[in-house]
Each structure stands twice: as structure tokens, then as C-alpha cells.
Amino acid sequence: GSDDGGDTATSSSGSATEDGGLSGTLTVFAAASLTDVFTDLGDQLEADNPGLDVQFNFAGSSALATQITQGAPADVFASANTSQMTVVTDAGLADGDPEVFASNVLEIAVPEGNPADVTGLADFGREELTLAVCAPEVPCGAAAEDVFAAAGITAVPDTQEEDVRAALTKVELGEVDAALVYATDVTAAGDSVEGIEFPEADDAVNTYPVCVLTDAPNAAAAQAFVDLVLSDEGQAALADAGFRTA
Amino acid sequence: MRGQPRRRDPGIPLPLLVPAVAAVTFLVLPLVALLIRTPWSDLATQLTLPGVGQALRLSLLSASLATAVSLVLGVPLAWVLARSRIRGRGVLRALVTVPLVLPPVVGGVALFLVLGRQGILGRWLDETFGLTIPFTTTAVVIAETFVAMPFLVISVEGALRAADARYEEAAATLGADRWTTFRRVTLPLVAPGIAAGAVLCWARALGEFGATITFAGNFPGTTQTMPLAVYLALQRDPESAIVLSVVLLAVSLATLLALRGRWLGRAGAAP
Amino acid sequence: MRGQPRRRDPGIPLPLLVPAVAAVTFLVLPLVALLIRTPWSDLATQLTLPGVGQALRLSLLSASLATAVSLVLGVPLAWVLARSRIRGRGVLRALVTVPLVLPPVVGGVALFLVLGRQGILGRWLDETFGLTIPFTTTAVVIAETFVAMPFLVISVEGALRAADARYEEAAATLGADRWTTFRRVTLPLVAPGIAAGAVLCWARALGEFGATITFAGNFPGTTQTMPLAVYLALQRDPESAIVLSVVLLAVSLATLLALRGRWLGRAGAAP
Amino acid sequence: MSLDAAVRVQRGVLHVELDVHVEDGEVLAVLGPNGAGKSSLLRVLAGLLPPDGGRVEVDGEPWDDVAAGVHLPAHRRRLGMVFQDHLLFPHLTVTDNVAFGLRTRGAGRRESRAAAREWLARVELAEFGSRRPGELSGGQAQRVALARALAGEPALLLLDEPLSALDARTRLTVRAELRRHLGDFPGSTVLVTHDPVDAMALADRVLVVEEGRVVQAGPPGEVARRPRTDYVARLVGLSLLAGAGEGATVRLDGGGRVAVAEPASGSVFVAVRPESVALWPDPPHGSPRNVWPVRLVGATPHGATVRCELDGEVPLLADVTAAAFAELGLAPGAELWASVKASEVAVYER
Amino acid sequence: MSLDAAVRVQRGVLHVELDVHVEDGEVLAVLGPNGAGKSSLLRVLAGLLPPDGGRVEVDGEPWDDVAAGVHLPAHRRRLGMVFQDHLLFPHLTVTDNVAFGLRTRGAGRRESRAAAREWLARVELAEFGSRRPGELSGGQAQRVALARALAGEPALLLLDEPLSALDARTRLTVRAELRRHLGDFPGSTVLVTHDPVDAMALADRVLVVEEGRVVQAGPPGEVARRPRTDYVARLVGLSLLAGAGEGATVRLDGGGRVAVAEPASGSVFVAVRPESVALWPDPPHGSPRNVWPVRLVGATPHGATVRCELDGEVPLLADVTAAAFAELGLAPGAELWASVKASEVAVYER
């Protein structure tokens, strides 16, 4: 569906070549938490299409949404939540409906060795612990509110982090006893952080939508990248990184 | 100073006027654009939200405290860099400048390494006094001071270097030791430079985001300053983030104008 | 200046020494802690990653360009604020200071509003010349300049105010118009103040993150500066973020030391 | 290139109101006590201080005209100025300081430097060219400032106590140099000085200024012989007394009478040279018709003589030799008699 | 509180090496040309410039002793100093400037201010107390600086040309004031000046410094009568000639002979007062035994007389009245004859 993107930018950026290979530059705007997985998928797409150069712009989803609404020359937008994707779709910049390619649930992250003996969500009501959750304005914070409501727990956090990474950093440094973060982040953090799953997590599943953009200079390659993400191969890579796949 | 028209000013030379106008345009146009985009109808709603007033108060308080701490610690440091003859001043000066370059988030991490629960000093503070600094308003002030003080130090040092050291010699012959000379001669002489440095420091502290959110966290009422509120608003509703920014701008503009007026009043009395 | 020992320095007075030492400790200890925590074994690996060298080069280049632009535009603006008698200087000065307070991310949004494809000027630039600024290295320089120039302006203005204006009168009686006076008398006289301002500006530009990632994006090779690389590394592996930060610190420390050495050499020649 | 100026300017509480006219090639010395407004006058002439009224015209060209709204900025006035505190540029070498005015007026670097070196040689500082002003002594700096002002070949030369920081020997040399230069100089010169010797040696005309107003004007000799205010009288070392002429006697305003050689009438000044006053422990009897009782209030050695300040009906200064002073055993508070020959007393209209 | 100092300090190319001794209550005047090292000496005494060698001792207390590693910082020396360029604190009022030294030495604010006002009244600036230094004229500022230094009741008073910016009248007043104060003053005073009148009026002893060394020392009258260098001779207005005594004649080193009244032998100086030199268009025949052919090379009006600079076998200065000067129709280059009575020629050992 790139018929309306056929302006000068398309021809200069390249498109499907005659033998089916892709060329030109593909620009993917993706949430920062996708850095590793997407970088690998991009490399793979480049390997399959020697004429293609895949460029990533990793940043917070909201920054990316702002950039896209300000006319950034992007082909693909992969958001870490539906709300920022909505900003883009509302502006009429998404080509077709966004597709969910992964989801993520909350997990409790504790420092190596779990010094405060955190066992479950109920520990977020313990005053004596130093606890971090995400701010309600950001998706993981909204999700946290949902799970606390579902579990009937009054949480007493010491800080409401602006994003998951900030919360996780504090766990890694041992500065908080527990933080409510995404499962993928626990996976990415490696040995310095232990994850504790809890059943209420399923009440707040965060979804990752992706879409090709209306003004995509290289719509063909964009579609190919989205297809790759949704393919079995892409889904497997996401699963390796701790995502629940669609 | 008198009311009558002065025919003195032969105007601003063109090679200065053109870049100056360009600079003002460059700095002010984005602000104007923000103002144009501000959904003014939202303003009243936003301002009456309880969190906003709180964040604004906390921001002003902590930036002012950070500036005060920076003045108390930074002006002496600037003096040492400018006037003493200790060895290694060059390295010291560079070391003091370097925190400017540190990405603020990493600055926050570094503060944890020193003052956090597991930090070099923090562990001792915790064990000895039961004091924990992170996630408190104190932590906000510390984070802002860490990020903003170098601005004060560097600009005060520049002012000290430019000042005429012979006045200090004159003070010495009048029996003033270096400390008295510093208080009664040096400080008043470089007051404009210190004022400039304090403004830089205050403004930088007021806008501080990365180190604060890392080291102090974000909790409404104790550690959520305006930049944090703005950032979070931006996640959900960019319009309201713009409104909050404009509020922050207006308040700081008013503060600066009020302060400057007083300083200028003093400076204007001198020749 | 001669090699013999000077018995002059009667030491630094205690009321200055104590806060100065406290200031240095406060500013330097977190850096030391960072160094301790740095996984040095990673250093070689990190440095050889292709993106890192690129980001470092881009950072140095864009910060230096931003400083150059700030000097060209900002020093004249500082002169206008300090020396001219135009009306509304107080308001102008406050307006110039205010961008310091703006959360950088909002600053990035504001730059979009002016220079973005739909921006006030951006639209016109796009339609007339086919020029788009966001997401280019130019955008990085612009974002850094927007954030860092006020530091230069305010500190140079402080230096100008502290300088003795009678030298400028003497130059006028020798036939120098205000522009010549500016170039040949004022500039050299306030050189230390300008140097201090440039250092502040450069360091602030080098550490710039929020406005850059918003307005210029995060494209390796064109807009990914070191702070952005640090941010991404932080998403993945905090250890490597620390390594990158230390690299940034080391490079800026070396640059500052090299520059300062030269400036001091010049300044040392004067009385 | 005559200077024609009427300067009105308010400086704090002092209102300066001075009319100044200097012909081509003429040197006008402005004498006056501290705070009289001399430097303020020069600043207005230089264009550094905008006048509140009046005008400044050089060679018919208006530099300032408040009524017409004309104000030529300082750098467009072809003038040279030496400030009371030299104001050499600290970042330039001595040579470059002197070359500064030439460079701003369009001369090349090499040529300006050569001219500057010539000027430095004239003020006997040839070997100091590569120093910075901070490495000069006070007097050396002032000589460089003089060279810097002269190097520009100005139309109007303004000198604010140019010689006051110079030592006696240099002062002689520079004064002679200045005199030679001023002799060749086609423009007008205004010289502010405290030293009557400078005024006598250098000026064609003297303007005495007190509290912002002209109190006396004329050729140096005339001013020196017939001072009209106490300040000038002190300056040239005379005792000045005001009174009313009554034939061969002048009745002083402060009481007392002075016998004079030429009959006088109306308001007059009486001037007495300190050298002509003799002091006696007892009332003398002899030819001098003026004998007054006085009290010694102060004494200052002055070369080989001692200058005695006398109070009484007729306040006077007297110069006596150090030997006589010692012989008379004088001490402050001593009661004495002073005598002056009537022929030694100058009398002239007020 | 005597001052005893041996100062060795390198200033650029100049090596200053001066031994200075000043008794209690004594005033030492240091005279010398620009750049001789006078201000450098004062800076060492004040503790502002660390000497490279020697020592400074006041009343037996060592202030500086390079060999022993002693250096008392400036603020611990009980001294008062007046700088060549006043250096009043621009941010303080005039009263607070004067009160500064009292405050730093522990006096209360009210009491310091009262004392400061008294000092201001003594330098006749009582009504200027609430001004800022920037609103003073140059001379007013210097008087305030003087008051500031004196107010601290120092043990050692250092004055770097304290009167040079003052106008003639104020100078008389302040000089008399200074004299009175120095008279009462129990400490030592070192006064740097260019003005021989200051030295004569204020000093008990004079040190003449040239190129960092003492070239002459002695009481003012002695130095004035028997100068030992050309600089001093010029300063006191004498012509100085060096030669070898041969009984009633002195053979000058530069050629020529001078007849003297007292027989002399060995290396001697001959000093001639300009007033004693008479000028003639043709060779005169009469009692004066010294008659030399000379050429007029310069002439400067000097009060009622003209000072003529003469070149020839015997270079001289001559003072003639303006009338005589005009009558002789003198112009530079004129060939003349100069005569001096042998009894007017002073001769003394070199």
C-alpha cells in the first residue's frame, strides 16, 4: 500500500528492484527497549538485500511520536505502547492499521541475592522497603496501577520512575529493594537482577504495535521489515529477548 | 541616570547588531512558537492541578537551595582557582569543569555510587546515622548542585581573573588578611560576575532533569520537580507538557526580572 | 615567573579553603567512584566498536561547532546587553536566560515548532530551498547551540560589566569606532571571561541530550552523539554506559587541559 | 582649526558652564582647584560626555550642538587626549599602544609601528617598545600615553595633567618636547594642569576655573602678576587682599589699611610678594610705610627660604631665609611685626 | 620604631639594591627618575613584593629576612600606604574607604566612621563622605587615599608620590597637614616624590636613587647645595660640572676651566646656580673671572624669568629676566658669552 507514497523521495530512496531485492535506505523509528532485537533483525534484512541500508532511530516512544508528527522522514514506527501509536494514527500518519508484534508483562525485579526477601506483589505494601514503580503517566506505571488494583494492594513506592530503565538501574545498583518492571528488562539486565513473576501480571499486558508510515520514503522496504518482525523468525528473536509474542 | 534624553549612544555597530539580533531571534523564536502553540484554555486547568503547584514550589525551592550551596562552596573554589598559587590548578580547573560534560543520568549514577545505600559515603551514613539520602528532597538539591555548581565556579573564576588584583594589595596594606580582603573587597568587586554565575547556576538547577530523576527519583511532593512533571506529561499529553513548560518559563522569567532589577539597581550606583 | 621558590603565598585562608575543598570533593568524588566502578576490561571492546568512535567524533565536532556559533552570535549579544543603552535590556537579558530553564526535551519540541517541516521557518525553508533541518548533523548543532549559548552570553556579559569601560573611551579618542574598539580593545580585555564562557558552552553542548534526541533524532553517524550512545547503552548494559561516559570524560578533560594550557599561556603574559 | 565651545554640563552637584575659545596654534591652559570641572570640560570636548547645553565647534565644523541635536561621536573627532591616569591598553605592547591611533585611522601595520617607534624615541623610551604597560613605572607609562596621543597628529589636543606623573628631569625634557611640538602644531591645544610653571612655559593663554566657572582669563604673565582670586594668588605665590582705594591707601574689606605707591580708587585688589615682606620681633621704625602686627600660623621650608603663613588684620605670606628664621627663633603662634614697602605693593582694579 | 632594610629585588632588567635606614619619627624622602625602582622599594617594604634577598626590620622585628625564610604578609605589617594611583575601593563610599583600615584592625563600625569623618575633614573633604570614589575628581581621590592611609595610625608610613595629583593650593594645605602629622608621628616614614619642594619641606633626610642604587644620601639642604649627580642637580636647579681641582682653578673633565674662590684639589664637583650666570652678546671685561663662549640651545619661561640652556665648553643653565631675554633678542642657536663670579661657584669633593 505505498501508492500514495510515490513522491520524489521514494524514487531517490530506492524501492523494490526488478529481481525482488530491496534497495535504498530504510529508516525505522523504534522504542529504545527494542534496540538489541531490532538491530539484529535489521542486519538480517540488510544481508538478504545487499542494496538496502537499514537505519534505526531508537528513542523513547513519545519522542519518536513527536518526531513523526513533526514530519520526520521515517518508514516504520515500532512503539512500546499503544498510546504513542495512537498519537501517530490519530494524525493520519499510519498506513493501514498498526499490528501488535509483541507484548510484555510486569515482573518484580530485585537485586542479586534478593536481600530484602521479596516474594510477591504484596511486598510493595511494606513501608520499610525502598520500592520503585513507574510513574502512572508512562505505560508501565499504568500497568502497575492495574495490577495493584487487581490484587487489592496499596503500594507505598518511594519513587515513580519515568521509565523502566531508570527503575532497573536502581535495582542494579542495589538502591531499591524491588521494582516493578517489564519481564524483558529483567532478561536484558542479566545476572545483576533477579526476576520474580507474579500471577496478577496478566491483568496488565502491554502491547507493542508497529506500522508502516503514510509518508514512508521507502514503503516497500518498510513493509518488508514489518513482515520480518511478524514472521516466525522475528517472533523467535523477540521471544529470546523475553517478550511475549503475538 | 537623569530623565532627559541622552544623545550619546552612537548606536550599535552593524557587525555587532546583526549577530546579536540573530542570537536573540534564535533563542527567543522557539519560545514564541511554544507560546503560540500553548493551549491557553488548558492553562487554568493545569495550574489548579494539585501536583503542579507542588512541583513548582519544590523546583523553586530546590533550585534556590542548590544555588545557595553552590555559592557557599563554589565561590571559594573559584577564588582558589583564580588567586592561589597551589600546584595543579590547571588540572583542578579541568576536573571541576568535567561534570558539565557527564550525561546527567550518568551523573545520577555516580552520585549513587557515592551517596547511595551501597555508596562509598552513603553506606557509612546509613550505618552510622541511619541516614539515607536518595529519594528525598535533599537528594534533589544534591543532584542539582552537582550539575549546576560547575557553571558558577567557572564563571566566577573568569570574573575574578578579570578583576584588578591591585585593590586586594591596597586592602592588605590596610591590615586586611586574605579572608577579610575576600569578603570586603574581592566579593563586592566581582559581584556582577557572581550574579551572572548564580543566574546560570539557578537556571541550570531549575531545568535539571536527568541526574535528579536518577538519584532522587520522582515522587510528587518530595522529589518531583517541574522538569520531571513536564517529562511525564510529555509521555501522555504533549499539549499539557507545553503548558507546564510555559508556566515554568514564566515563573523563572519573573524571578530573573525581579532579581536582575535589584542587582542592576546596585550595579547602577557604581560608575 | 622565575624558577626560584616564592615565599609570598601566605596560604589560603581557612574560611575559603574548607568550602573549596568541600566543593572539589563533592564534584570529584562521584567521578572517582565512576572510575572505580568502570569495568576496565570492557574498555578496549567498547572503544573498538565502530559506533563509539563515530559518536565521539560527532560529539566533539558538533559541540565545537555549537561553541563557534555561540561565540559568533553570543558575544555580540553579550556586548549589547552590557554596553548599549537600548530599552528593555533587562527583559532581553531575562529572555536570553530563560532557555536555560526549559527542559531540554521541550526545547527540542520548540525547535520543531520553528525549524521542523511544519515549523514557522522550516516550512518556508523546505518549500523555497528544499531544505529540511531535523534529523541532520545541522540539527544536532542547532539543538546544542540553543541549549548552550545562553551560558556563554550570560558569563561574557558578566565579564564585560566587570571590565573597565574607560579603556574603551581611550580607544574612542584614538579614532576607534565602536566596532574597532570592540575588536581591538574590548575583546582582548575580556578574553579570560570569554574563554570561561566558551568552556561552559562547549561542555554543556558536549553533554546535551534531551533537545538533541528530540530534534535531531538518534541516527548513528549523523546525529548520534556520545550522550545518546550512553543513553542507548544504558538500555542494554549499564556497565557499558559507564565505560562510554568515562571515555567522554577523559576526552573532554584532555581537551580542556590542552586548551586551558594555551589560554593560560596567553593570560600569563599579561600582568 | 580654532576651537570655539560653550560647554554646559551638570556633574553631580556641580554645574559646569565654561566658554572656551582657542585659536589656531594657540595653547590654552586651564588651571583650577580639584573638582573645578576641568576634566569634565575635556571630556565634553572629546565627545565622551554629552553636554547638557551649548556647543563645540572646531574650525567651523560643529562637533556638538545641543540645540541642533548634533553630537559627533568621540572617534570621529580628530583629537588626541592624554588622561589623568594614562589608560594604556594592558594587552598591547608599548609600541602597539602608540601605533593604535594610526592603525584605526587607516595606516598600515608596518608604517604605524615605525611611526610609533619614532614617537617613543622622542619621549626617550625607544628601548621599551616591546614591553607591556604593566611593566612600566608610573612615569614611563604617562610618557607613553603622551606619545600615543601625539602620534595621531590630531587637530585638537587635550591634555589632562600630562606632566604630573613625570619626574623633574623627565618633566623638563618632556615639557620642552611638548613645547616644541605645540610650537609646530597647527591645531588648538587645551592643557589642564595644576602647575603654574607648565602654564607659563606652555600656554599662550590661561583660563582659571573655579566651581565650574571662569574666574580669570588672560596671558600667563598677566594672570601671574594680577591674580583675581585667592586660588590663583596662592598658585603664583602672592598674597591677595581685596579692598577699596582711598588715594594712597587701600582700606581692606577684612579691616586694616595698606599704603600703596600709585593712588587707587574704587574696588581694588592688592597683591604682595612674599619675598618683599620683612619680619621683626619688635615694631620697626623706618621707611616702610606698611607695618602690621601678625601671628605666625605656619612655616614650610621652600628651598633655601622658609615660607611663613601670617595671620592678623592683614593676612600675608612671607619668605625669609632659613638663617633669619632660625635667628628669630620663630615657632607657630609667635607674635611678630611684618613690614612691606609701599612701592612693593601691586594694586589693580577688581 | 626605626626601619632598617636591605632590599634586593629584580624587576625585569632592573636590579634594585637599596639599603634604607629610617629612625623613629624620621621622614626619609626617596627621590629618583622614572623607573629607578622607588615604587619597587615601597612594595617590598609593604610586603607586596617578596624580596629576592636582604631583610626588612621594623623596630627590631623582622618583617622580611630572606636568609632566614621570614616573610610577614602585608596585612600583618602595621603600615599605611598611599599608591601612585590611589586605588580607592570603588564599591565603598569615601567614608567607608577611610574607615576600612580601622575596621580591619578591629574597631567598631560607628567609631571607625566617626574617625574616618574626622580624617576627611582634615583633608577638607568632609562633605564628600557619602560619595563613591568614581564621583570624585582625581585630586579629591588622592586626598581620600591619603586620609585612608593615615587613619590607621601606622608604624611605618609609605607614600608613593602622595601629592603629585593635588592642585597647588590643596597641595600647600595637604603638605602642611602632612608635615604636621609627620611631626607628631612616632613611626618611620618613607616618601617617594619627584618634587624637591616636597622633599625639602617634609623630609629629614633624602635618598637619591638611580637605576636601583643609592647615588646620594643626606639632609635635604646638603643634597640641594651639593648634588652629586646630574639628576639631582637638575632637580634642585643647579648646573653640575665634574673636574679636578688645581688650586684656584678646576679643570673640567669635559674640557674648560672654572675659577673658584676656595682652593680645591683632587676630584671635585663644581655647582653653579642659574641665577648667578650672566649673559652677554660680546665678551665682557670686568671682575668676574669666569667668562666662557656658549651657544643657546633652549629657553623655557619660568615665572618672571627665562631659563636658558647653554652648550659649549662649559654647559650651563642660566636664568635671566624676561625683559633681558627680549632685549638681547635671544633665539636658539645664538652665540653668547656667559660669566660667573668665582665666589658664586660652589666646589666640593666628588
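Lettered A, B, C, D and E in written order, each chain numbered from 1.
Convention: a residue touches a chain if its C-beta (ideal position, glycine included) is under 8 Å from a C-beta of that chain, and two chains touch if they have at least 3 such contacts.
Because the structure is a prediction, the values reported are computed rather than measured.
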{"item": "Both-way neighbours, i.e. chains that touch chain B and touch chain A", "value": "C"}
{"item": "Contact-graph distance - origin chain B, target chain E", "value": "1"}
{"item": "Distance from chain C to chain A - Cα centre to Cα centre, in angstrom", "value": "34"}
{"item": "Chain centre separation in whole Å, for chain D relative to chain C (CA means)", "value": "54"}
{"item": "Between chain B and chain C, centroid-to-centroid distance (C-alpha), Å", "value": "15"}
{"item": "Whole-Å separation of chain centres (CA-atom averages), chain A against chain E", "value": "87"}
{"item": "For chain E, residues contacting two or more additional chains", "value": "73, 135"}
{"item": "Of all residues in chain C, the ones touching two or more other chains", "value": "6, 8, 10, 105, 109, 119, 177-178, 189, 231, 234, 238"}
{"item": "For chain A, residues that touch 2 or more chains besides their own", "value": "66, 169"}
{"item": "Chain B contact footprint on chain E (complex, rising order)", "value": "46-48, 73-81, 83, 87, 89-92, 100-101, 103-105, 132, 134-135, 148-149, 152, 158"}
{"item": "Chain D-touching residues of chain C, taken from the complex the two chains share", "value": "166-167, 169-178, 180-181, 184-185, 188-189, 191, 269-271"}
{"item": "Of all residues in chain D, those that touch chain E in their complex", "value": "12, 32-36, 38-39, 84-85, 131, 135-140, 143, 161, 164-172, 175-176, 179, 194-197, 200-201, 220-221, 224, 230-231, 234-236, 298, 300-304, 322"}
{"item": "List of chain C residues in touch with chain A within their complex", "value": "105, 108-109, 112, 116-119, 132, 134-135, 213-214, 217-220, 231-232, 234-238"}
{"item": "Chain B contact footprint on chain A (complex, rising order)", "value": "60, 62, 66, 83, 87, 130, 132, 135, 137-138, 157-162, 166, 169-170, 173-175"}
